[in-house]
Each structure stands twice: as C-alpha cells, then as structure tokens.
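Chain naming follows the written order as A, B, C, D and E, and within any one chain the residues start at number 1.
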Amino acid sequence: MAALTLADVTKVFSDGSDDAVIAVDGVDMEIRDGEFLVLVGPSGCGKSTTLRMIAGLESVTQGEIRLGDRRINDVAPADRNIAMVFQSYALYPHMTVRENMSFGLEESTGMADAEVAATVEESASMMGIEELLDRKPSDLSGGQQQRVALGRAIVRDPEAFLMDEPLSNLDAKLRATMRTELQRIQEELGVTTVYVTHDQTEAMTMGDRIAVLDEGVLQQVGTPLECYHEPANRFVAGFIGEPSMNFFDVERQGTRLVADRFDYPLSEATHAALGDTTELALGIRPEDIELVGEPGDHAFETVVDVVEPMGDANACYLTFDRSGTDPETFVATVGGMQQVEAGQPAVAHLPESAIHLFDRATGEALRNRDLPDDDGVQQAVRSD
Amino acid sequence: MVLFYLIPIETGLMTAITSPESYTGQTPFLPPLEPLVPGTGEFSLEAWGGALDGLSGGLVNSLVLVVPATVLSGLLGSMAAYGLTTVDWRGQVGIYVLFIAGIFIPYQAVLVPLTQFWYNVVPLRTAFVPLAELLPLVREYHWKLVALIITHTAYGLPICTLLFRAHYKKLSGEMIEAARLDGASVTTIYRRIILPLSIPMFAVVFIYQFTQIWNDLLFALTIIQFGDASVVTMDLVGIGVSQSGTNFPLRMAAALLAALPTLVVYVLFGDKFAEGVAT
Amino acid sequence: TGDGGDGGDGGGGDDTGSGDGSDTMSTEAIELLHAWSSGDGNAAIAALIEGFQEAHPDIEFAEEPVNGAARGNLDQVVSNRLQSSDPPSTFQTWPGKTLEKFGEAYADIEGEVWNDDLKDNYLPGPKQQAQLDGTFVTVPLNIHRINNLFYNTAVVEAAGVDPTSLSSPADVVDACATIASETDAVPFAQQTSGAWSTVQLWETVFLAEAGIDGYEAFINGEGDVDAVQSALENVVALREHYPDDASSIGFTEANTMVMEGDAAFIHQGDWAAGAYGGADDFNYGEDWSQVTYPGTSGSYLLNMDSFPYFANNPSPEATKTFLSYCGSAEGQVLFNREKGSIPPRKDADVSSLNAFQQDQFDDFTGADNQPPSVQHGLAVAPGVATNIGEAFSGFLESYDAEATAEDLVDAFN
Amino acid sequence: MRNPLDRSGRRRSGEEETHPAGDRTTGWRSLLRRDSVRSAPFWLPPFLLVGLFVYGGIAWNVLLSLTDFSGLGTPDYGSLDLENYRAAFADPLQAMVNYLAGVSGWVTSGSIEPQTPSWSDLTIDPVWNSLGNTVLLMVGFSVACLALGLVLAILVDRGVRFEDTFRTIYLLPMSLSFVVTAKFWLFMYNPETGLVNLGIQALGFGPVRIVQNPELKLGAVAFALIWQFSGYAMIVYLAALRSIPTSHFEAARVDGASTVRMYWRVIVPQLRTATVSALVVITVFALKAFDFLFSMYGGYQPGPSADILATRMVREAYANQNWAYGSTIAVVLFVMALCIVAPYIYSQYQRGEL
Amino acid sequence: MAALTLADVTKVFSDGSDDAVIAVDGVDMEIRDGEFLVLVGPSGCGKSTTLRMIAGLESVTQGEIRLGDRRINDVAPADRNIAMVFQSYALYPHMTVRENMSFGLEESTGMADAEVAATVEESASMMGIEELLDRKPSDLSGGQQQRVALGRAIVRDPEAFLMDEPLSNLDAKLRATMRTELQRIQEELGVTTVYVTHDQTEAMTMGDRIAVLDEGVLQQVGTPLECYHEPANRFVAGFIGEPSMNFFDVERQGTRLVADRFDYPLSEATHAALGDTTELALGIRPEDIELVGEPGDHAFETVVDVVEPMGDANACYLTFDRSGTDPETFVATVGGMQQVEAGQPAVAHLPESAIHLFDRATGEALRNRDLPDDDGVQQAVRSD
C-alpha cells in the first residue's frame, strides 16, 4: 500500500512524422494511501492513457509517476506491484479461474506451488468465487467474470489497483451489485485504487474523490459532492450529474442577469462574487428548479414540453416558447407524485441560492450554489 | 528470414536472365555481370523468348482451364456454403461433413476411376465434335479442358465450401433477418446480400484455387494426357531438357514464366488473401 | 505358338482387306504417341515423319507428343487408351520385356512388316528384342549403347591415364584414384539424384565382371548373388570418385563437368555425346573420346526405342506402312542422325552420321553379343524393373552392396 | 447453482454463431420446408458434383482394391476379397520393429516376408515403410510448418514495419508449382554450391550430402515443403494473434510474465482454432508431397527413406499395372487422411460449428 | 396502421429429443392502433422471441397473432408489412445508406425507381440523415447508424414497428437523445410499435404502456405509472423501478405484520384487503421511506450502513443490525442535501399509505399503495 503521485504527467502520441496527439496534458495529482479515486471524463479525454501510464503499459512522455517514494517511470510493469482490472476483464480464456488467478503469482513471485494455491483459495473465498475455481471463463456469466478479474488482481496483493471501466460490460442490476461489492472490498483491503469510468452513478458513489479530465487536462479533483455542488468550472458542472445541469447564457447588466427570455435580479452577495465579468452562464440543476404557482423575481412562466415519468420522479422539459418544431428546453425534476402534463403552463422557480454562475469565456465558476451550513458537503470541502 | 523465403526465387530469376551459353551454375544467385564479375554469366533475355515459344500453347490452355475452374469452384462453393448455412434439417451436418472430408481426399486415390470416367463413361469427346464445327475458337481437344475444369471444380469445391461457410457463419444473423423482413427471397438474399459480402472470401478462394489449379500436374497428366490441350505445367516438365544438356536459363525462365500468373496474383492480391484468411 | 498363329491369320486378313481398299484405309490418320516433345528427340521424330510423308504423301499423321513426365506418362496414356479399347496406331516404347506390359494388346507383324529384309538386316540382339514370346510385334528404330566410358582427353592426359589401356572395372577405379591424386578434376562424373544412372553403371560393371553368361543368367532370374554383389562393390568403390554434389545434380550437369574439364570420366549412354556435338571447341577424338566400358568389349549393351503394332489398330494399313518405313535403313538414318544413336540395321548407310556414331556403328556390327539393358526395360519385365529400381533407390541411400545384391536377385520373385 | 443470466447469455451467443434460420425446429416447419426446398438449388448441384467425383471415385477405388485387377483388361468385380490388404499389412510386428529401428536407415526387406498375391507372379512388399514415412512426413511437416508459421507471425505481429510486404513475401513460395520448387531445392541442397550447405559450412561443419542421405532425405523434403507453405500458417496465425485483445498481452505483462512466458502461457494456447484451421490446409498440402518428390527425384522412386504411400501407389498402379494393389494403397492413404479429418470434424462438431 | 393482437401465443423450442424450452407461454395482449408498447423483462424471459414471432422470423407454436383483422401466423415475414429495428442495426454493410433504405422497397413493392428514390429522400429528411445517404454504414457513428436503421424501417411505411433493444449499443448521452427522438417520430407517424428493452428509463419514459414478461409469462400490461405504483405482483414491483422496491417477509398476526425485526400495525382498511393470507411480503419503494426523528408505529430504529451520494439524492442503505460482515440492508432515497452518514442511527418511517403487500406464495399484490386522488396516475388507471 502506498500513495500514488502524478507530477506534471504528460503523454504525447506521435505517429512518426504525423501530427502528435496530446492525450494527457500535465496532470498533477496525488492519490493518497488507501484512497479510492475515480477518474471520469468524456470519451477520449485520456483516462485510459493515464491509467496505462501508471501501469507501465504506456511510456511517460514527461513528468513523473511515484508509487510511495519510488519513481516508477522506468520500472517494468511486472515490477511495479500494481494490479489492473480491464474493461474486457482480459481473463485468459484457455485457463480455469484457478489458473487465471495463479498466473500472476507464478510469474511474478517465487512462491511455492502450495503457497500459490493457498493464496488463490483465500482470495477466491474473499470474492465468493470458490465454486468457480475450476471453470473456464467462457462458462461464467458477466458478473462472475468480473469477480474473477477482480480476484486475479487481489490475489497478488498489489500496492495499487487500477481499473478501467470494469463494470461497463454488466447490465444495470448487476452493475449496482458489483459497485457496492467493489467498494466493500477496496475498503477492506485498503489498497490505493484508481478507477476509470464514464458512469455517473459510479463516479458519484464509489470514490473517495473524483478527478475530472477533459482533453487530457485535469479539471478538478475533489469529493463527489464537491464536484457536484461546487464544480470548478462549467465543464465539470455539466459533466457531473444526470440529467445535466441546465445552462442559460446571460449578460450581466448592473445587478441583473439578462437572458433571451428572462431577467434575473441578483442579490448583493452574489453580485459581488462576479467581479467585472459580464458574459456569464447561469447554471442550475434540474432538481433545484421548483414548479410554483406564481411568477416572481426568480420565477418565470414556461410551458411543459415533454414529461418523462420515472416513477419516483418526473423529468419535465420546460420551454419558454413551445411554438417551434424543436423548442429549446431545460429540465426540471419534480416528485413522482406531482402531476404535470405536457402542454400545461408552469412557473419555474430558479432559487438564487441554487444557481451557479460561470465566466462564459473561461468557463471558470465564479459563484457556486449556497449550501446549508454545517453539513457533510461543506465539511468535506473544507477538509480538502 | 525474408532472405530465406526469397533466395530460391531470386536464384531462379538470376539464372533466367543469364545467357544460356555463358551459364556456369557456379553462383547462380548472383546477377549475371560477366564482364564485371567473372563466372556469373552474361546478361541475356534470350531464355525468355525460348520459354515463351515453348510455353505459349500451354499458357493459353492453362488460362482457358484455370479461369472457369476457379470461378466455378468459387461460385459453387459459395452457393453450397450458403445453402448449407441456411438450411435446417438433419442431413445438413451429414452433407457438410462429406464436404469437409472431401478436402482431404488424396488425389492419388481417385486417379484410376477418374481416367476411366472421362475416357470410358462420359461421351464428352463425341459431344464436342459437332460443337467444334459450329463454334469459332472451339476445338475438339477442348473437351479435355472441359473435363479438367469439371474435375478441378469438383475437387476444389470442398475447401471452397469450408472457407465460405466459415465466413458466412460470421455474418450477422440479424442482417439476414432484416433482409427477409424487407421481402427478399432466398435467392435475392444470396444475390444482393451474401454475394457482395463474400468478396473478401472470394479473393481468398480465387487466389487459392487459381494457384492450386494452375500448378496442378497430376490431374492434368491423368485427364489431358497429351496433345494440343496440354497445360503449362505439363509443358514445363520437358522444357529445356535435352540430351545435349539442360538449358538452365531456359528452364528457369520457363519456370518463372509458368509461375508468373500466380506470382502476379500473389504480389497484387496477397494482402487481400491474408485479410480474407484472417476474417 | 497358337497365339502366333492367330496373329498371323489376323494379319493375313488385314492384308487382303487393305489390298482391296488401301485408299480408303489410308484416309485414317496414323496416331503416333511419343514423349519426344523437345530437343533432339523431337528433331529426330520430325525428320522421320518428314521422310515418311515424302515417301507416302497420302498418309496423314496425327502425331501427338505426350508432355509431362515423359515415358512414364506416355505408358499411362496408352494404358488408358487400351483399357477403353481405343489404342493408338503405335507409340514409342522400349522393346524387349517391356512389351509384356501391354502384351495382349499387340499383334503379330511378322511377314508384313517383319519381312525377310528386316530379319536379315537386324542383328540377333535387336531382333530378339522385337519379339514378345517369339512373336514379332514391334520395330526397333534406334540403338543406344549403355556401356560407354566417355572421357575428357585433356584431363586424363594430365593425370597420365590411358583409358584405352583399362581392361576391367577395377582398372577404372584405379584410374580414378590416379586422376584424383594427379589433378583437381572429379574422376568420375555421375549423378545420383535419380537411380537410373547407377543402375546403368551397375549393369555395365556386372556385364564386365560376370560376362555375357552371368548377365543373361541374371536377367533370366537366375543371377548369382555374389557376382551381383561384387559388381555393386565396384560401384561403391567408384562412388569415392563421384562429384561431391552427385546427389543433387542431374545427368546433364554431370556431363557438363566432363565438357568443362572438371571431370575425367563419365559412364553414360551414347546420348552423352549428343551434348558434346553441340558444344563448340569440344571435338571427338581431340577433346573427348570414348572407350567401351572396360571389361565389356565385344558386348553392345542395348537400349532401344521401338514402335509396336496394336491389334484392333485404328489405322492398320497406314501403321504397317509406317512401321515398315521405320524398319528401313532410310528411315532409321534420318531418325538417328538427329537422335545421336545408331540404326539397328546393319546394312544402313551411316556415312551421313557423325564420326562418333560411325565408330559406334562399327562397334555394333562387330559386337559378339548385344545384351539388353536392365535399366531401359529391355531385359526384365516391368514389375521386375520396378523392383530393381526400388532396390537401387535404396542402394543410393545406403550403399549396402550385400543387401542390395539380395534385393536384386529377389526382384524376380 | 448456475446463474440463469449466464445460461441464457451463453445460449444466445451460441445462437448468434449459428445461422439465423438455423437451429429452429418444430412448428417452424412450414417455412423451413420452404426454405430448404428453395435453398436446395444452392447446395445440391455442388454436392452432386462432389458426390459423383470425389465419393464416386473413392467408392470405385475401394471396389477396385478388392479385386485382382492388374495389367490390361477389365476388373472382375465378381470375386472380391481382402487379399490385397493382407499383402499390404503383412507382418505388422516385424514391420514396426524394423521401422522404429531404422527410421533413418534402410531396412533390409528380407526381414519382412513379401507376399505373392494370386494375381501376380512377383512378390509384393507390404506398405509399412511407406506408411511410416508418410506419417513421419505429414506429422513432421505439419508440426514444423505450424511452428515456423507461429514464430513468423509473432515476429511480424510484434511490429515489424512493412508488414504487408513481408506477408506477401512469406506467401510467395506458395504460389510456385512443385515442378519449380523441387528444382530450386535440388540446387539449394547441393553440397558444393547449395546455399544450405554454404550455411552449414559457415557454422563450421563440413559439407553434408542431403538429397540422397537416408538420414536427411525425408527431412530435406519436409524442409522444402515447409519453406513453401509456412507462409500460409503464418498469415493464419497472424490473423489469430490480431484477434486476441491487446488487454490479454497487457494483463500478462502486468501479471509479471516475461515476453517468452507471455506467449507460451497466454497467447499460444489461445491459437487453437487457428492451428486447426491452418492444419486443415497444411494437411492438404502435405498430401500433395507426391508431386514434389516426383519432381525432386525424377520419378516415383525416391528411395526407401523417402518413399511415401503416394509414390508407392503410383508405382504399383502405373508402373507395374497392379491396379488393384495401387487402389489398396490409395485406400490406405485415404483412411490415413480420414484419421486426420475425423478429429477435426469431431472437434468442429463439439464446438457446434457444424 | 393497425392494432396488433396476440392471443394465447406460445413458443416452444424443442431441440429434437432434448427437453423443450418454453420461451413464450400463452401471452395474451392487444397493442392498440398507434400505440407504443414497451416489452420489458429480465434476460431470457422471451421478449425477443415474442417480437420475432410477430415479425414472422419465428413460427408460432400455439395461439394466434393478428394484425388488424388479418391472422398473420402463416404469412411470410415479407408479406406482413411489419418493419423491425434490430439491436445491432443489421444494416447491409456493403450498401450505402440510400441502398439500405431502398432495398426493402425494391424487394417488397413494385414501386418505380423514381418513386423509391423520392420515398427514401423523404424518410431520410424526416430522420435528418439526408447528408448521410451516400455513405456506407461503416462510415457512420453509432447514433447515425441507429438513425439509418430507423429510417430503413420507416421508409417502408409499415403497419407496425418492432424494435429489439435498438438503443442498447449507444452511450448514455446519445441514448437519452435518441430516446426522445424515437418517441417524437413514433408519435408523428402514429405507427403501432412494440419496443423491447431492459433499460428502466426507456421502459418508464417511452411507452404508452408497458408489458412485463417473466419466464415467458405475461405479468402485467399497463401504463408505466400503473406498473410502478400498482404492480400486479411482486415480480413487477421488484422489476420496475431503480433502485428496486424493498421487500420484507412478514407474517400477519391479527392486524399486525410481524417481521424478523419489527412489528407493523395495519389500519382496518388495509387489513380488510388481505383476506385470509398470512404469509406476506411487505414492499416499499426507497423514495417512500422517510428518515424521521422519533420511532413510532411505522417508524423503526435502524443504522445507516452505506451512503451513496448521487448529487441530487442520497441512497442510504439501512440495516437493523450492522454487526455482521455483510448485513442485510434496505434502501431509502433521501434528498441530496440531507446529511446522512454511515454508521449513524436513523429512524426509518414506512408510511402505511406507501406500502405494498404481496401474497408470498403466489406473489400476487393484495394491496398497493394509496395514491392521491384525482391525479394523473389514478386517471390512467381508471381509463384502462
């Protein structure tokens, strides 16, 4: 077990004379000993590349990767004492589960056969796959394969786990089960873990901290709730959360924000946080929009375009003008019991306490939502 | 490694462009640079002229043989594979097994019956006499080529079927169903969906069959035996050999000339072949 | 004798029939199958046919060279044709015991073709070979000789060896040893990638050592194992003087070594001389010469080609006319001038042949006996020949004289 | 015990492997029947062609092997017996001992009594020697071919540049006819000027006679055949290697396996399917070794150490006119071929690929 | 356009002598003209088989399928005038988009070429894929391929659409977009549609009605909210909704429900609905569980085992006893701003109005939750 440090890590793929791809661009972060870090970002943002550099499967163009105090840039993958779980599991199809799990021990340690066998049994029982030990991967269900892949990583007792979208091949129900199981095991073992995903739920629920990557650049590292409620910039705000945050382009005129279809007066405190910036984006999460009876300062008349009932909640797509064929909408999540129908007028209340304001040019968050004092989120933010 | 694969061919080529008179056989893999490097022979294309003379008839016959035989075995193989992957009845596996086992038939095992069949059972020859009179370009001896085409087609079919079937099983089942829903009949599906999608496999099969048939000597000897219909491998055996000495440059030139079509096919389409095998 | 009688009757019938309508019969083209698809053989057959057609312009030819693996393939073709009762008019075949292969298919041509003229002018050896079980069925066309020892004059002179002085196979081995020590040349050019050259060599040595009687005993299946083995041992001894690459060269390469002065001797049929004739600056008597293989003087070890006559012949009259022409001195000279061999007829006018051929012809006519070659199918039946071939292909691997000797004697069982 | 997800998942994937309309049964009949009738034009004519020529030929041949057919004339199908097979397989124990003792040497035929079948005046040797050689050649050639192909494929796969060019070059020999390659290799094996020997000499050993050396002969033939066909094995393996997910290589690396061990333990075992499919074609080539021997040794007498069933068969049938015995040998050859096909077909069947 | 009726439709797969698989077992349902029916159920429950029988790709073992008034059991697939969209899209890879779309028209209608071309153009513009018409499928992104597959179905102007998990190969964001688009088009065309999915969101949001299938047997057909709030049985209750409904095995003793860890008094009304059944399962949706201050009749003391923050909400895994290694938990969804921490005690209120009660033996719902009167859900239920 050890902390994992990435210092200004950059990866450039250059195909001979062709123009180079900067896959990872000066990423600086520390994954603390025993921490579970989730790496998220859109497709192609460099998540896998980062992970592969840590594993030693990809060379580091620039910067340094340290495991504990050891610089591992030039250490062979086999000697890094890091285990990796692949999206496709990468189980060796011709070996039984037992052989799959023994392989790493046989290859990378001088363990006696008996010891190998004992270690494998132990890890298998930890993963609850004792009965599968003599099956081939092709005889296992997706979830079982997943468990074996994890077992194969665990059995080597590595200093760090790397996982690249390990649950993405499972169906929803199974994914939910495995998610908690994975967390449980990681907690039990206390192994430093870097976990790549593009699943919102996984990102929010699994990690001690989230690292958000975009185009190879690290956007924010923080606890899930920090990223959710206090995004560092518009990208993070839009990326974290499903349905996404609603954004409105607004211009500040004095203490008012002027949008295409509404005027939004600002309180003094909010106004102060904005400095000189006038070109802003107003962001608000769907669940923070309230449908109320009366228009007001922060409440605007809209029409319900579409309602998606989800049982426990309804996603209401609201629009200021429903006449066009494909009207611009924003989403509000309302309780499942609240009756809303497409076409009906609704007054959307955008509470000032819940809005985010971003510099439209840089994307930087100028003002994040208010959070109730003294709650867990705030604490987490402070402790960082 | 590459050298290992190329040296024999390179040697043949160097020998073939040496003038027969100056050929010594000492360092046949060196280019003929006689005045410069002693003992390597003089450069000359004379052997190629001789080879072309000696082989032209065989080359034409071989082409007349190979093209239809290749196309036929490919086409029929693809049809058989299609039929056998689409049909569902008990006999299907049995029939397919027979096809597969057919791949491994040693030709020697059928030589005797084959001669008997073409010479004593089927009156193909007599059927050809009136044809030869009616049609231009058709000669009576072409009956042997036709017999050989049919034979090669029959013996090439099993492996063609195997290759195509492996390919067809990888095609998406949903796609075929989509076509059925679109109203395509079994034949239309074959013609408009399967056939166009078989093109990579056709490349493999054509190349494979082309070389096999082009290079075959045994069946040619057995069925054509002699006469105007003889194919290039038959002509090749004797060329350049006489009791006054073997004309190595001529032999090599002839060998290369005979191998030229297959070489060209491989050089041009070798990667298609490899890709097709890979799919 | 019954067979012969039947054949004679049949021939007579044909004769009368053709006498009535020779014109109509002659429209039937002669279908002649042969394996002389290139080189000197092709020139020879072309010359023969040209000569024939000048003499008989009314007879057409459907001459068909059978390409591919030469004679073996030709036999296969003929066999197929015979099995479908569709024999060609005639084909190129070794006479002698080889005829047994299609024995039943041949018809007697004594009288019509084998008339007194032929009988008088063929020497006993060839005449014997033209018969199958005492019936004349084929017409030998040429004679190749097996028991030649060719040499490069310059090389043997350099080594101080006089080939004409050698009198036994053992002498040849000694001479080779001398050449090996005196010169850089290979003493004895030989190829061993195929077995046939070695069979020829052995039969020559065997003929030398066992004499004509021993030789005939062997080919009649009563060979003496020890004599056979002794001859094989001589071959084993000679093998020391083969080129290093004997096993990967063919006959022509071996022969070229002699022409280039890289080798002293070569034992071969007279076709070896064909190559010498084609080379510039390599002249008979000056640059190369030949002796009867030491120990075999008085014997002319025969290899022949012949054209047999099939019963059920598609063109009986024309074929007989052609075979008669083949039996004529005129036709034989035309053919052999190109082929490098000699005419079987002792009355042939060989003045138009080259000096070497003329010398060979003299040897032939002066020979005490003309034993048939084993390798070339004259001396033994096809099955035996295959067994002998098998024994020798084993010999080439092991050079085990004792075991091979047994195999050779057993080949007749 | 088993997860229901698991089961249905596998069923479904199984279903995808087979054809859409395949595997449907009952009830479906009406449409199926229509389908099978409509698809008959596709498979029936090729099948008839194969049936007539391939299986008709085989059947006829088997029949011939039971007769006494030799020389000219017509076979007598009236009296069939197994005499030829008795002659072919005489004295199996002795043959076994001899063959094993003398794989490299030349076994005197005296030790196995040749048989004299009723149709022949001459004795006939059993087929043991050529049978042994055939097995040896087929096995040796196939194994070496696959091994070399695999090594090449791994090398190419490991990112040699100009891959397509290389691929084509390795395939080139396959395009040549045996008539040509046999001549090439006679030259290559020449003890004086041949490149093989130049190579051996470069390693400090004396020139070696190869072509007629009983110990090397069969090997030399196999070697030349390997040269000609390993390229095929190479491209099949290359394709298979390409289809193994990179993550397997990477997982093995992370697991600490060295390159060699990674290939040996993780990659090569996954090439089973490719091996089988390459083997099919390679076996077909091995069966054609006759043509090569025929060209290399100038006929069907390659000598006992290289004598294979095919040369023996042609010898008996076409040189000796022992048609029945030739057919017998052909049947033996065919049965041998079947021994290779049967496991292949069975494995295909097992994996549900039929 | 026509209604689609399945009357007692059964499908048995029998592999020769092997035991038969009953894939679909006596399914009875009517898909109304123009209706969008979503077919859901666990993997292997027979969804695809049902769809394929309707398409004619699978024979019907028993029962009848009618399109409008026409019995189509024995009609060839091509003549049914039904279009199907496959999970893999099943585009013809060698044809351009245009050719893909024309194929069906050419094969199944006698349309003139010009007419075919015009029809294709029209449908393409409807799907917004005019620019893709001359590309090959391999040059299209997943979403574009999806659209083409849809276009290919539309162009034939069929009487019914069948779609088998058409969105499952798309990533989450794209799936959301295509979801609404698909609905829009279906509404526009008004074609009877049967849509197979195993995605909760698709099931809840897309269909006019949901049909829930389990092991080949139809469990319930109803509007999404009906299925959500008024499940016909325990299977439907557990299957619909994510996270799933919590179930507790209880025994009725008089007017009380006795579970392992709690006693739950029942009101008279509820009690009456249960009849004689005593072996029951109590179900409650996570969002209906409230965390309150004081234990009471329907409020029990629990401990928070794990909290999964999701931003807009927290999933709290509660347990009555946290001492075991893998404690049995149930889930409560609470607002994202509510502070809950693992290990903290919590009182879980299970309002009687929100509980469902099932017969444990048959699974049948004996009592479903109360719904506020006069709301959309109730209306929908009534209208059925």
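Side notes on the structure shown:
The working rule: contacts are C-beta pairs under 8 Å (C-beta built on N, C-alpha and C of every residue); 3 or more make two chains touch, one makes a residue touch a chain.
Going by UniProt, the chains are A, E = ABC-type D-xylose/L-arabinose transporter; B = Carbohydrate ABC transporter permease; D = Sugar ABC transporter permease.
Note that the coordinates shown come from a computational prediction; the quantities given were computed from them, not determined experimentally.
Contact analysis places B-D first among chain pairs (by count of C-beta pairs in contact). With centres computed from Cα atoms alone, the innermost chain of the structure is D. Averaged C-alpha coordinates give centres for chain C and chain D that are 39 Å from one another.
The distance from the centre of chain A to the centre of chain C, with each centre set as the mean of the Cα atoms, comes to 92 Å.
Per-chain CA centroids place chain A at a distance of 59 Å from chain B.
Once the centre of each chain is set as its mean CA position, chain B and chain E turn out to be 58 Å apart. Across the assembly, chain E contributes residues 43, 57 that each touch 2 or more other chains. Across the assembly, chain B contributes residues 25, 116, 174, 177, 217, 233, 237 that each touch 2 or more other chains.
Counting partner chains per residue, chain C shows two or more touched chains at residues 69, 76, 83, 250. Against chain B, the residues of chain D that register as touching in their complex are 15-25, 28, 32, 35-36, 38-47, 49-58, 60-61, 64, 152, 155, 164, 166-181, 183-185, 187-188, 193, 195, 227, 231-232, 235-236, 238-239, 242-243, 277, 280-281, 283-284, 287-288, 290-291, 294, 309-310, 313-314, 317, 323, 326-327, 330-331, 333-334, 337-338, 340-341, 344-345, 348-349, 353-354.
By the touch rule above, chain B contacts chain D in their complex via residues 1-2, 4-9, 11-12, 25-29, 76-77, 79-80, 82-89, 93, 95-114, 116-117, 150-151, 153-155, 157-159, 161-162, 166, 168-169, 173-174, 176-177, 185-187, 190, 211, 214-215, 217-218, 233, 236-237, 251-252, 255-256, 258-259, 262-263, 265-267, 270-271, 273-274, 277-279.
The residues of chain D lying in touch with chain C in their complex are 71-74, 105-106, 108-110, 114, 116, 120-123, 186-187, 189-194, 207, 209-214, 217, 294, 296-305, 307, 315, 318-322. Interface residues of chain D facing chain A in the complex, by the touch rule stated above, are 1, 3, 5-6, 9-10, 245, 247-248, 250-258, 261, 265-266, 269-270, 272.
Across the complex, chain B is touched by residues 52, 55-57, 77-79, 82-84, 86-88, 90-95, 103-104, 107-109, 152, 156 of chain E.
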